[in-house]
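Across the two complexes that follow, subunit A remains constant while its partner is subunit B and subsequently subunit C.
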Partner chain A sequence: MNGLNHLFLTVGPARFRLASSWQEPLDQLASLYKTYPASYDDYADFTVRLEPEKPWRRFVRPSVHISGDYWLPDAAPLPLSQSLLAAEMGMNLQMALGWRRHLLLHASSVEKDGKALLMTGLSGSGKSTLSAMLAEKGWRFMGDEFALLNPDTGMVHSFPRLISLKNEAIAAMQAILPINRFGPMMKGTPKGDIRHIIPPLNAVNRMKETAKPALLLFPRFGYDPVLRDMGKSEVFVRLTQASTNYVALGETGFRALTRFVDTVPTKAMDYQSGEQAEEMIDSLWSKLP
Partner chain B sequence: MMRNAQPLVDALREPETVLSLDGAGWTDLISIARAESLIGSLAHRLANVAVPEVIKPVLDDAIQATDLARLQALWEADCARRALVPLNCKTILMKGTAYVAADCDAGIGRSIGDLDIMVDRAQLPAVEKALLDAGWEWVKPDPYDDEYYREHMHELPPLIHRERDRMIDVHHTILPLTAKPTPNAQAMLDAAIKLDSGLYVMAPADMLLHSIAHLFADGDLAGGLRNLWDIDRLVRQFSQADGEFWMELGKRAKLHGLERHIARALRLAAQLYDTPVDKAYGGPAIFADNIYIRRLLARDGWGRETRKFTRQAFYIRSHWLRMPPLMLAGHLWTKWRNT
Partner chain C sequence: MSQLYRAATPNKLIQHPLDSMTLIFQKSSGITHIVADPVPAILEVMAEDTVTADAITHRLSAGFDLEESADAADIVLARLVELCSLGLVEQVDGG
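Up next, the complex of A and B:
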């Protein structure tokens, strides 16, 4: 049995042990996460494993199989050139299937004045890109994948992993950020072209600070700009679908989500450009109670 | 790095052993326990041990997850009960659901997947129809598999509920019909104990024997550590509650043709978990026990299965035990052609 190399990562409240048959993804992670808190005690909430699909696939057309404490039986392997993506997917998988301390909402989040803006929606809605963009305009980036809702306090906790940009969003962000903020370009992944960016330093330094959810948006990119009200029941049902552990939390999840829906103003937002979205968000934000 | 699952076994047997673990040791232990589906049982075992602050939330999560699993398993059992009420047949809960429904120690912190029930074989067609009417559907509509299950297995092909997405396995006995031991299903039905809910669980000796049959005669020992932990908990609880338990166990083991199996299970449980075993039933350790132990502990600190050769040998053995050789050849041929 082949030995595994490993490293520890701390993102928000979660600690990961990443173990890999190859050094390559670990080196990439170490470099991209170098501003994150280091682990001195080797504790972890989850182990992620990156291993060859079959023993010989460690060298021949290397293919990375993602597993760990929690795993999916039908996860497709990725080529070694996409092993960074595999590591990120592995961490997401542990959170999605194993994390119970918060209600996980598949949403990006940014903070200003102690209040959080959450954006959720289908892949391609632009929630990730908008959060990355706002993070450069005075907002604190809290996460582009999961917003962690504390069931006891109702506060949002930060989970600021690398920001995952897809397809057209990559060029858009390259236009405004220096190259040393970017990870390797991964073309032709199962989700299209992907390139990660390192969150701003203040997002990492302040990742233990929580925020009170103040506004929820359902952005939709590529439509004439408009803001629409949404009924509470629609918001509730869509958030149950956007949560990876709503069912697993049982009554706790239900209480956390009903409280969230009852107290957080929500809008559907169609937009055609980042500037447009920013204007709409600023105007909504200034009218918040 | 832990090279086998011994630290998990130690922690379950003697919780204070975790006090000597460092951070890396804890991380290994947690991965092993999750991989063996024993994290909930471990969390309960460690309830009164001074574990590190950072480990507490991990264990609390496991306790909450298995609390919910318990609730869902009981709910699922009740759904089956309601679907089968008109048939007026004995519905016996099995495995994890039975342990929690009967409040057995084996149910504390146990992970529970599918619902397993046993009914009288004569009632099978009616049970099948009632479940289909109540929203369960076939999982594998493959004609070979379907016929194979019906002719040779101890259960119907698995059904899944179309709204709740939960599986049910309907058994009419505890081992495949092609396996060598032929447990007396009728005797198990007759001795079953009625719960307040109207559902049944097996009588103590039968419940333990089913757990043992499941470990040795119906699989490749994957998940064997949890299975053996069930056995440990059942033995402790039943032998303490009833002075006659060992005698009854001996009688039932003979009746079901599981005497050899029970001796081995008790020896392995005593060796790994210090299970208190009546000498008359376990007997002295024999060499082959070491191979079983080797298989049961085949898990490293990353949570990976190890000892591929040993595992493969047990996999082949599991098929050998379940079918006569010619039938096995025919079965593997058909399965190979279909994949």
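Up next, the complex of A and C:
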């Protein structure tokens, strides 16, 4: 990888090597991840490469092509101003396609008293924003993108990457967090406006601590507030859709997911504001066994 | 002569009941099937035997709350055809 600049990042159990033709995105990442553990041996589970689409595009209208150990052929290049998004997408992609040590659930997670609340749903459901909000209200943030389910123990492992806020969620969190917790504002990305938040320090310091899954929610933002019971079959099917490696794990994944569905209480939660969601969550949480 | 059927051996499948549905994980393919009644019951009464559809219907009426009738036989046959296409049951020659 001659000619590339390098940065090593550790997020939960996963270790990444980021290699980039440009130094700026790595400096940006190093600054946002400065509280995370440093690499002591330059080992990495995955490599993410940020390189020019064509050699001259390093200088002329620079555009970042994402590649790595695992990649999608149709990943479109991004302008250099969005290289932080490219790096985050690259890391997510490696996890989604390559991680085998845990069952990956596309879910946010927060912890209290050793128990984890998981929130999963489609993009725009508010799972990421809710996890960021709860992280400021006494919960430990464990991740806004992937919950890692240990197939041997049934415990949830933390993967506390930068929190990715989209569109309206950015202003909502800017109202309650200091500016030094935010990354750069990236407007007009393929996912809309994006701004990252650095997770609270305790989320990073305690990222090796696991939690027992205690409640699963399917939040849906923008509907009249209601909690709905869900059948286990529906939960199972939706979680197979929310997992990027369920099929790859085979019987291990099946046993991990059936145990999860059998033991973790689940509700669908419609809500119209963060405060409303917090009240509903607190009420559900207080009634858990 | 009636067609004979045989279910995949139980050690090649993991059955896991959930509310109204049952999951069947097929170890050979890694595929998870989600099935409703009477499929789990059909697989149960087939056990490891080589049997006809009529014999399955008879066993179901004996062991489960299912009246033996032409309708019941049609339902069992339709499910057997589906199970064959999924690879959970196979047709056996020589019946």
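In this text, the second predicted complex is superposed on the first by the 287 of 289 C-alpha atoms of A that agree within 3 Å, B and C clash if a C-alpha of one lies under 4 Å from a C-alpha of the other, contacts with A are read in each partner's own complex, and residues count from 1 in each chain.
Going forward, a residue touches a chain if its C-beta (ideal position, glycine included) is under 8 Å from a C-beta of that chain, and two chains touch if they have at least 3 such contacts.
Note that the structure is a prediction, hence the values are computed from the model and not measured.
K.L.:
Using the superposition on subunit A, decide if subunit B and subunit C clash or fit.
P.N.:
Overlaying the two structures gives subunit B and subunit C room side by side.
K.L.:
Just subunit B (first), just subunit C (second), both, or neither: which does A:232 touch?
P.N.:
second
K.L.:
Can A:261 be said to touch subunit B (first), subunit C (second), both, or neither?
P.N.:
A:261 contacts subunit C only, not subunit B.
K.L.:
State whether A:49 touches subunit B only (first), subunit C only (second), both chains, or neither.
P.N.:
first
K.L.:
Which partner, subunit B or subunit C, touches the larger number of subunit A residues?
P.N.:
Here the partner covering more residues of subunit A is B.
K.L.:
Looking at the overlay, what does A:58 touch: subunit B (first), subunit C (second), both, or neither?
P.N.:
neither
K.L.:
Considering only touches as defined above, state whether A:250 meets subunit B (first), subunit C (second), both or neither.
P.N.:
both
K.L.:
To make sure I follow: the centres are taken over C-alpha atoms, the vertex is subunit A, the ends are subunit B and subunit C. What is that angle to the nearest 10 degrees?
P.N.:
Here the answer is 60 degrees.
K.L.:
After overlaying the two complexes, what is the shortest C-alpha distance between subunit B and subunit C, in Å?
P.N.:
6
K.L.:
Just which bits of subunit A does subunit B share with subunit C as contact spots?
P.N.:
Touching subunit B in the first complex and subunit C in the second, residues 250 of subunit A appear in both lists.
K.L.:
Which residues of subunit A touch subunit C once you look at their complex with the stated criterion?
P.N.:
231-233, 236-237, 240, 247, 250-251, 254-255, 258, 261-262
K.L.:
Show which residues of subunit C lie in contact with subunit A when the two form their complex.
P.N.:
On the subunit C side, the touching residues are 14, 16, 18-21, 23, 25, 27, 30, 32, 34.
K.L.:
Please give the residue numbers of subunit B that touch subunit A in the complex, ascending.
P.N.:
Within the complex, subunit B touches subunit A at residues 22-24, 26-27, 30-31, 34-35, 52, 54-55, 57-58, 61, 64-65, 68, 71, 300, 302-304, 306, 308.
K.L.:
Touching subunit B in the complex: which residues of subunit A?
P.N.:
Touch residues, subunit A against subunit B: 1, 4, 15, 17, 19, 41-45, 47, 49, 51, 68-70, 98-101, 248-250, 252.
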